[in-house]
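Labels A, B, C and D are assigned to the chains in the order they are written; within every chain, residues are numbered from 1.
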Amino acid sequence: MSRVIVDVMLKPEIHDPQGDAVLSASRRLGFGTITSVRQGKIFELEIDGPADDAALAAARELAAELLANPVIEEFTLRSAE
Amino acid sequence: MSDEDTVEDTVEVAAATPEQAQPYAELGLTEDEYATIRGILGRRPTAAELALYSVMWSEHCSYKSSKIHLRRLAPTPEQSENLLAGIGANAGVVDIGQGHAVTFKIESHNHPSFVEPHQGAATGVGGIVRDILAMGARPVAVMDALRFGPADAADTARVLPGVVSGISFYGNCLGLPNIGGELAFDPCYAGNPLVNALCVGVLNHDGTRDDLQEAVARGAGNKVMLFGSRTGPDGVGGASVLASATFADEEGKSAKRPSVQVGDPFMEKILIECCLELFRAGLIEGIQDLGAAGVACATTELAAGGDGGMRITLDDVPLRDKTLNPAEILMSESQERMMAVVRPGNLDGFLEVCKKWDIEAAVIGEVTGDGLLTMTWRGGTVVRIPPRTAADGPVYDRPMARPRDLDELRARDPDELPRPRSGTELRQTLLALLGSPELGDKAWVTRQYDSRVRGNTVLAAPEDGGLVRVDEETGLGIALATDGNGRYARLDPYAGARLALGEAYRNVAMTGARPVAVTNCLNFGSPEDPEVMWQLAQAVRGLADGCAELGIPVTGGNVSLYNQTGGTPIHPTPVIGVLGVHPDVRKRVAAGFAADGARVVLLGTTREEFGGSAWAHVRHRHLGGLPPTADLDTERIMATVVASAASAGLLASAHDLSDGGLAVALAESCLRGGRGCEISLQDMGSSAGAGSASSAGDAFTALFSESAARALVSVTPGREDEFAALCDSRGLPARVLGTAGGSSLVVSGVFSIPLDELRRTWEAPLPALFG
Amino acid sequence: MVTFPGSLDDTDAARAVRYAGAEPVPLWHADRDLRGIDAAILPGGFSYGDYLRCGAIARYSPVMSSLVPAARKGLPVLGICNGFQVLCEAHLLPGALTRNARLKFIHVDVRLTVAGAGTPWTRDYATGQELIIPVKNGEGAYVADDATLDALERDGAVIARYADGAPNGSARDIAGIRNEAGNVVGLMPHPEHAIDPLTGPSADGLGFFTSAVREFAGARV
Amino acid sequence: MSRVIVDVMLKPEIHDPQGDAVLSASRRLGFGTITSVRQGKIFELEIDGPADDAALAAARELAAELLANPVIEEFTLRSAE
């Protein structure tokens, strides 16, 4: 059993109203040093078998096909211990 | 939490270890109740039985403090003429003719919505929808009655947006139009918001096909099915249970169980479609939704309503979390689950339908003939009880006492408040009321709700009542409204309940519908406080008497107690929902002035009544005196007049008078219709007694008094005489005020306000507070 | 009329098709069979709860595996709201729909300007005509990169715009677009909720359905 | 200028319908080896000044107050290079 984490973020050029809302709320709360917020999604996948190349490949394929929309989003993989 | 190697607390173990200490108090049972359970069983209960009794005998499930009073609500034969199911069913069912029946009910989710506003409110909608579904009906609309602390309080900024987004998220995703509700603010709800959700459903009832379902487990050998979401640790117990010796295996190692349930509206949507297909195919003998107290409640109630007993294999309950023990499985409040009783021969068909909808279903037991509810777990018997003893629960006649401060409160007369006198002051008063969160535009909330889905919504918020088409051919429809006024009920709970009933009845009548049935949600403080019990008893009596006067039955409802912050209870807040039948929705009447030159008429009688009024509350934060008189006779007459007038096409608009009185109703009819009006108050405010009719003092009463049983209508041009004759023939006071038209609200000789200014003022408050 | 699990406005769209004088044919998400339809409507709702991204999961349903090639061959397809999202996810239309600018579900009647009357779904309108139609969505902000947006405008592929500014933050006030061939149309507002003033703000939406019906009535003669 | 990433996940015992929906979709797409999916949120914060303790403390405070709902969620911080 292995765990792979997929982070999905909006592409930098796509407007992120959620991130902006968090930024302005953080300003209201007095967090003056925070200058930008981008919000994305995270998927923790549990995969049968070891955290080998096959597991990563499956996760990458799922991310590309389903988890991220390539028109507006990009993703990165991490493997969790 | 139960490991393979821990010995399960079976019936045999319990019989052999009578002295073992049990955490009944942590589970909310009193010493007497615990002794009663031991007496029923002739031994100590097992851990699972204790859990089951504790949830079934909780105030929430057993109505132990309120039952004795609720008996008053039993309808007379005359009231129940069209009632197919009433109090005692999951929801009451009313025959509305043409082969259709309607079921509706209102329920609270107050406490969960305070802890986690979004999920709490969302699962509140989910729960009431399953009650409606369990009657065999397709849910067709929802409503939400919301009450919060002061609009500008910091906690309201946390709770209100979360509650609204939860209702929006769940209801919209289910595809149920939200057709109305309430939004009120009062400091008494600051630590205890009220989130009451109503659902209405429609079923066939035409002789050839009857969709009505029952919550019973009949027929030995029939299968007990659990279907929908898997059972997880949602809402199990809470800290007190987990801290108990029996439920946590090792000190400190006990997994923390969440009390927050997370809603899955998509699952509920496919569960609805799946159930409706099962009903249509005739594959179900009995069905029960899982709400509070989950499997414990559904099995107990099905078995108690049946003719035999039931045997359940808890190992067969599909789990999301494999570590749950029997007690936890029984108490879990995981959402989106239903339980059905199915003949063995229909099992394959049942599973087929579930598969089509991608719904997981499991046989978890069967109906027996031994009169007992028996449950096994890993081979041991962990529950063996007579189900009725758990389902019926104790009944308490708790002490009652008239609130000590009531006389003082009533003596605090609103007469002593400074009243606006000049035209300028009256103008300012109206703008202040309209610009308050209490009376301002609710679009900030209702824009988040889909009121159109299903395509049958004829009227929705901000109209007086929601109106939904049931039959496209004939135009048959149903109207609904919910109302409650905690301030009135605080001053006089008996009158408060009648006023709320009268207002909901009137709101339904304004659409042109005939009110036919009542549901109610009784939101009160702690039943252990004799003053709260007195309020509850008074309110129930008021509701019962009011329904008898109106000749319509209470078909069901819900009681929510322990609504208080610290030792301070909320205002007693009975929220009343009224259902009406509209013969032809194409002839519906709406609140907005719809025709230039239409004669504007005030129906009913205006008295000088300011106790608990919006004016006293918004302008002076004052609560005192007596609430208005509830005049149900006039309500009844007015409803028949509006219904006749609507069907004859005599009305261009109709709008009830409530908070803020005539002035606010005028403003709302202007804004809604996009049209001004010019009226005169000559001779109004008569019971103010002496003083000339045109004096500003009388104008104040005429404009802001909250006398009940009044409405503002405008008459279809050319039909004025017919309408006047109709009112006259029924003895309904009808006073011509003026005409609709123009771009200002003009009260001759008093003030004039351009519609633009009215609109800006009215729309401002909620966006200013909540963004 | 495709029903996905979680489709909600399917009965409404079917009613609109009936009002327009045609017979709605239900298509089930799990069936590949298109049952000889002349045109397809992907209705509004929350397919699969819209849990991942709106329309992302519906895109992979069996019915879509038949619909996508049929649409590429010219079958007229109208995606309304969630249906629009499915069409974008399935790459039948460019761009994507994202969270509303103010992050809340919004239901409001809007004024639309018809910008492209030339599709099978908009023939009964005149370019420039104004319609009052409800929008109701949580993720209705149309986004695409500037090149795509420029191309859409250049090709006249924007078929409707919000006349008073997009309530959901849509790029360039876009309310609806078509594909290059013109047979596939995606629309955020709900014309099926504007077919009768009794239940909607107007009957202005009926034209989308009568347009398509007329197309086939003509074709068959 | 430093970047801190806040990962917010539902507590393990809280029901995650979104993750479940992704899991069943991934099964239908033939990703048989994936046995569980949990979905969370990710926030990329840009903070004025170096990625020092002060920056992390601000991020932690923001996460606790605004980004995560402590009733149902938990969060972790990472600092991005």
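Everything that follows uses one rule, which is that a residue touches a chain if its C-beta (ideal position, glycine included) is under 8 Å from a C-beta of that chain, and two chains touch if they have at least 3 such contacts.
Being a predicted model, the structure only gives us computed values, none of them experimental.
K.L.:
When I count C-beta pairs in contact, which pair ends up with more: B-C or B-D?
P.N.:
Taking the two pairs in turn, the one with more contacts turns out to be B-C.
K.L.:
Which whole number of Å gives the spacing of the CA centres of chain A and chain D?
P.N.:
About 8 Å, centre to centre.
K.L.:
From the mean C-alpha coordinate of chain B to that of chain D, what's the distance rounded to whole Å?
P.N.:
37
K.L.:
Counting only Cα atoms for the centres, state how far chain A is from chain C in Å.
P.N.:
Chain centroid spacing, chain A to chain C, equals 29 Å.
K.L.:
Chain C: which residues touch two or more other chains?
P.N.:
In chain C, 48-49, 51-52, 56-57, 60 touch at least two other chains.
K.L.:
Quick one: which residues in chain B touch 2 or more of the other chains?
P.N.:
264, 266-267, 358
K.L.:
In chain D, what residues contact two or more other chains?
P.N.:
Only 17, 21-22, 25, 29, 39 qualify.
K.L.:
Using the contact rule from the top, write out all pairs of chains that touch.
P.N.:
Result for touching pairs of chains: A-C, A-D, B-C, B-D, C-D.
K.L.:
So in the complex, which bits of chain D are touching chain A?
P.N.:
1, 7-9, 19, 22, 25-26, 29, 31, 33-49, 55, 58-59, 61-62, 65-67
K.L.:
Provide the residue numbers of chain C that touch chain A in the complex, in ascending order.
P.N.:
Against chain A, the touching part of chain C is residues 52-53, 56-57, 60, 88-89, 94-96, 98-103, 141, 143-145, 169.
K.L.:
Under the stated contact criterion, what part of chain C meets chain D in this complex?
P.N.:
Those in contact with chain D are residues 48-49, 51-52, 56-57, 60.
K.L.:
So in the complex, the part of chain C that touches chain B is made up of which residues?
P.N.:
Checking each residue of chain C against chain B gives 5-6, 8-9, 11-12, 15, 30, 44-46, 48-51, 104-108, 134, 136, 138, 190, 192-193, 198-200.
K.L.:
Which of the residues in chain B come into contact with chain D in the complex?
P.N.:
Touch residues, chain B against chain D: 115-116, 119, 229, 232-234, 255-258, 260-264, 266-267, 320-321, 334-335, 358.
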